[in-house]
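Each chain gets a letter, A, B, C and D, in the order it is written, and its residues are counted from 1.
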Amino acid sequence: MNRTFFIVGGDLRFAALADVLAENNRVFAVGFDRTAAMSDKVQTCDNVLSAEERADCIVLPLPASADGVTVSTPFSGRNVSLESLTHIIKENGVVFGGMISPKVREIFENRGITVFDYAQREEFAVMNAVATAEGAVQAAMEELASTLSGRKILILGAGRISKVLIDVLSGFHTDITVAARKCSDLAWAKVYGCHGVRISGIDDILSGFEVIFNTVPAVILDENRLKRIDKNCLVIDLASKPGGVDFETAGMLGVRALWLLSLPGKVAPVTSGKVIADTIGNILSERSESNDRP
Amino acid sequence: MNRTFFIVGGDLRFAALADVLAENNRVFAVGFDRTAAMSDKVQTCDNVLSAEERADCIVLPLPASADGVTVSTPFSGRNVSLESLTHIIKENGVVFGGMISPKVREIFENRGITVFDYAQREEFAVMNAVATAEGAVQAAMEELASTLSGRKILILGAGRISKVLIDVLSGFHTDITVAARKCSDLAWAKVYGCHGVRISGIDDILSGFEVIFNTVPAVILDENRLKRIDKNCLVIDLASKPGGVDFETAGMLGVRALWLLSLPGKVAPVTSGKVIADTIGNILSERSESNDRP
Amino acid sequence: MNRTFFIVGGDLRFAALADVLAENNRVFAVGFDRTAAMSDKVQTCDNVLSAEERADCIVLPLPASADGVTVSTPFSGRNVSLESLTHIIKENGVVFGGMISPKVREIFENRGITVFDYAQREEFAVMNAVATAEGAVQAAMEELASTLSGRKILILGAGRISKVLIDVLSGFHTDITVAARKCSDLAWAKVYGCHGVRISGIDDILSGFEVIFNTVPAVILDENRLKRIDKNCLVIDLASKPGGVDFETAGMLGVRALWLLSLPGKVAPVTSGKVIADTIGNILSERSESNDRP
Amino acid sequence: MNRTFFIVGGDLRFAALADVLAENNRVFAVGFDRTAAMSDKVQTCDNVLSAEERADCIVLPLPASADGVTVSTPFSGRNVSLESLTHIIKENGVVFGGMISPKVREIFENRGITVFDYAQREEFAVMNAVATAEGAVQAAMEELASTLSGRKILILGAGRISKVLIDVLSGFHTDITVAARKCSDLAWAKVYGCHGVRISGIDDILSGFEVIFNTVPAVILDENRLKRIDKNCLVIDLASKPGGVDFETAGMLGVRALWLLSLPGKVAPVTSGKVIADTIGNILSERSESNDRP
């Protein structure tokens, strides 16, 4: 690509991202004083304004900003103001960030700077599903006193994470049932060798499972259903808020239930950084393609 | 389900369909005099009007009618007029058919009869993709003088058939590259262990493949590209018209290229019949669910 | 089976074993006072001699005895003397144990009691390879900051554990090379989609791997070879003593190297107990089959 | 390798073998006048004695000779006498052949020429199992009116071919039961996600299967058992003589039973030729290694 990137703030994922981008670009990392994880090709840079160059691209973390004013920098402690970034970017520069609020977006767009949210891209979600599925499998292995091989598993939902979970589990020879709303999702489950059941009918089939993975962001496993699952069943909830499990009731009933959020950054920060780098690469490719058209 | 079905015309798939439906319903098969493929539970019925009962459901073949007036009955030879079917259906009966033309639809809807096209359903397409993928793999095995195991394969397109093809091939340990337009499709290809390449850039990577499966219904492999593929490469085109290969040029260049259409009915008529039965079952379930609502 | 079993000592595996056997037999568990893991069907029994029945079968742990005189009982603390067990067994009873020393074997055989070592059985080793492989994969996931998906992996050795490891990893879409001595083992590796390399030639190919699993019980990764592997490579040694890695040198070179022993009992005690139960069941079946013969 | 090879006689496999060897060696092919399958690098040679060079290695077909006197040459018609070959080989040359009879072996060994039977090598059998398994799957697909996906399958025997068959079928999501004699073989079947049943107990479980693959060279499916299998069940016998099926009775009972022999040469001659080339390469490597030792 051979551009000048400023990576501003973020956790280990963004240190890994800086490394990947530095293979083909000049990369300055702001807010990473305390980590040694990055290669020599990345120039750490204490004060944004001290950099000798202006940025073609600025990369903000995920989320881009918690307060709408500054960028969080867990590796240095000194937060960076979003406003200051508008002074270090070239005229036709681009800002990338994850889960960018309208307020943050405005700061840049008001100055004519283009803003892209990499977390909105479909391929970002697809690639991250691998780390989420692996993290879920790792947690199941850690919790179970049995092998995963041979277990009877229920997966609630049939989206990206479910699909990858089915794939990751294929070498473990488990017996998987997928519960979903749409007939086509159940058809896919069967294509991949799973049993399929309408989610409206799960009350009758909840017993007998040894692990339940939930991916649906709605309280599917309420008190009524938690009472129907086996007492030794392990429940792993991968859904974003409000989650799919009534955890309070689960606790009272003695059901082991884990709520695992933001797994990619936790279990595979290096891969997550590469995923962001790939997504940014895709956005830049599409942009130059469309610029080439008359 | 326990309804009265009339299966009117069609090939082996519809004989299989009659068998499946007869497990839980009364089933009359019209236009199947010459085949003995069906179980005793199915009553064959020479003349539509001679049946002692009226139909809850009529099932037409795929396509429902070639001429807009009659139903094709390859197993008896005497075509059945669509108009005659309106007399044997109950007042709130339902007609199912595949690829129903507006003209055929009108014949029934004008009389207040509900019409469903099972071939329009997403789960129908998903389930049929299995037979298509298996048929493609079978053809490749028949054509190749090598094992499939170890082959270098290119799949053009990343839709349903491609996804199932990747899955079916997983036990053969081939080396698969997927060419697709969308970044998210390429991300999926990588999730499933394939290489991914933008379809716009395939000119540069066409050499070295031993089998190419096309699923894109547009002439991807034109003269320019056919000249770039290896001379022993086998090309299997699964795309509907116009197909993805310039077959005339392929012939002149000595490229082995097969165009395989309508595989499910050819390689797996029994499974195809079950797929139609499942799809009809889904439509009837959804209908009774929505009728139950106040 | 409907026999009377005495399970004497052992860890969680033997509590699980007692549970499984209790489904079809009378089971007394000796040395399990402090655990509540067993079902109500198992009768815990403080003093061996207090049991109202004599045993058809006695099951000793793995290893059967550390000192050749007593059985270790981690869940009660009061060790049981092997000699005392000879008084509670029926005349034609059978003793099962794991890794039974000649001295322990003599104690029983001198009194005409038949002794079987379940740990010597091939199916025992095969079934345990699943827990070992899963434990190795779990450890790799815990250690890596990347997903397992996409990693370049070297497996040293081509025995049972390697074969299962390749299978468990199949859903992760890794790139596996197997190093082995025999041509037929390398042929098997290729059948399962791996690269194969003669172990005598690994010096030249050690760089570039991100994870190395060793299964060969000989120091394969000596100083010379440890210097050739990538500095971020994770080494997981699954071989019994002396292990396959020069750990001291690995430590000095900063290579992350884990030596994971006895994984089945640690990561999957319940499955391990079932494996012992299945193996004992096989021995008893074969015994009654051969007794049936004239 | 850079040696001089004479490929004498044989079918398409040996044309492919000549091609592979010609990449790194001088190769003369005797008895291939009528085929154009070979690359320009292979020199076809009408009369053995007319060659300008003497051979380091002579490769005979599989079987090496049907009559003990001549080599069969289906592609030219003029058989070559084994005796004549002793005149074109260098002093320390080597003869390779498949299923070499003692009589043929003597012809060469009496003159001090070393003889190797590549068909005796374990890796040869392992690599050929892939073509056999693929051929069996291809035949099943051709015969069945259903998809392979979802079928209930019985595999008799648990050797190489069974193992590869299970692997090839993994992407089809079938439901496989393996019948075998040894407990360890049944353990392996379960590791790979199959059901396992002792072959002595199959009488009770034969019904319900849709495809049966036999790999055991003994008449397992006799009249009694053929009567117990489903009337639509497809039987594919892969065992060498006497085969595993009473075909006469199968015919009378209307059971579809295919006996598929020598599949590698039929369904994948090119791969089979490479397998022979790889095996010969292994033999030569081992030979030079052992010669290097003091």
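Rule of thumb we're sticking to: a residue touches a chain if its C-beta (ideal position, glycine included) is under 8 Å from a C-beta of that chain, and two chains touch if they have at least 3 such contacts.
Keep in mind that what you see is a predicted model, and the values were worked out from it rather than measured.
Visitor: Between chain pairs A-D and B-D, which one is joined by a greater number of C-beta pairs in contact?
Guide: It is B-D, judged by the count of C-beta pairs in contact.
Visitor: Farthest from chain C by Cα centre, which chain is it? Let me know.
Guide: Relative to chain C, the chain with the farthest C-alpha centre is B.
Visitor: Could you tell me the distance, in whole angstrom, between the mean C-alpha positions of chain B and chain D?
Guide: Chain centroid spacing, chain B to chain D, equals 37 Å.
Visitor: Could you tell me the distance, in whole angstrom, between the mean C-alpha positions of chain A and chain D?
Guide: 49
Visitor: For chain B, write out the residues touching at least two other chains, lowest number first.
Guide: Touching at least two other chains: 130, 149-150, 167, 170, 190-192.
Visitor: Any idea which chain D residues touch chain A in the complex?
Guide: Residues 149-150, 170, 173, 190-193 of chain D touch chain A in their complex.
Visitor: Okay, in this complex, where on chain B does chain A touch?
Guide: Of all residues in chain B, those touching chain A are 121-123, 126-127, 129-130, 164, 167, 182-184, 186-188, 190-192, 279, 282, 286.
Visitor: Would you tell me which residues of chain D are touching chain B in their complex?
Guide: Result: residues 12, 16, 130-131, 134, 137-138, 141-142, 144-150, 167-172, 267-271 of chain D touch chain B.
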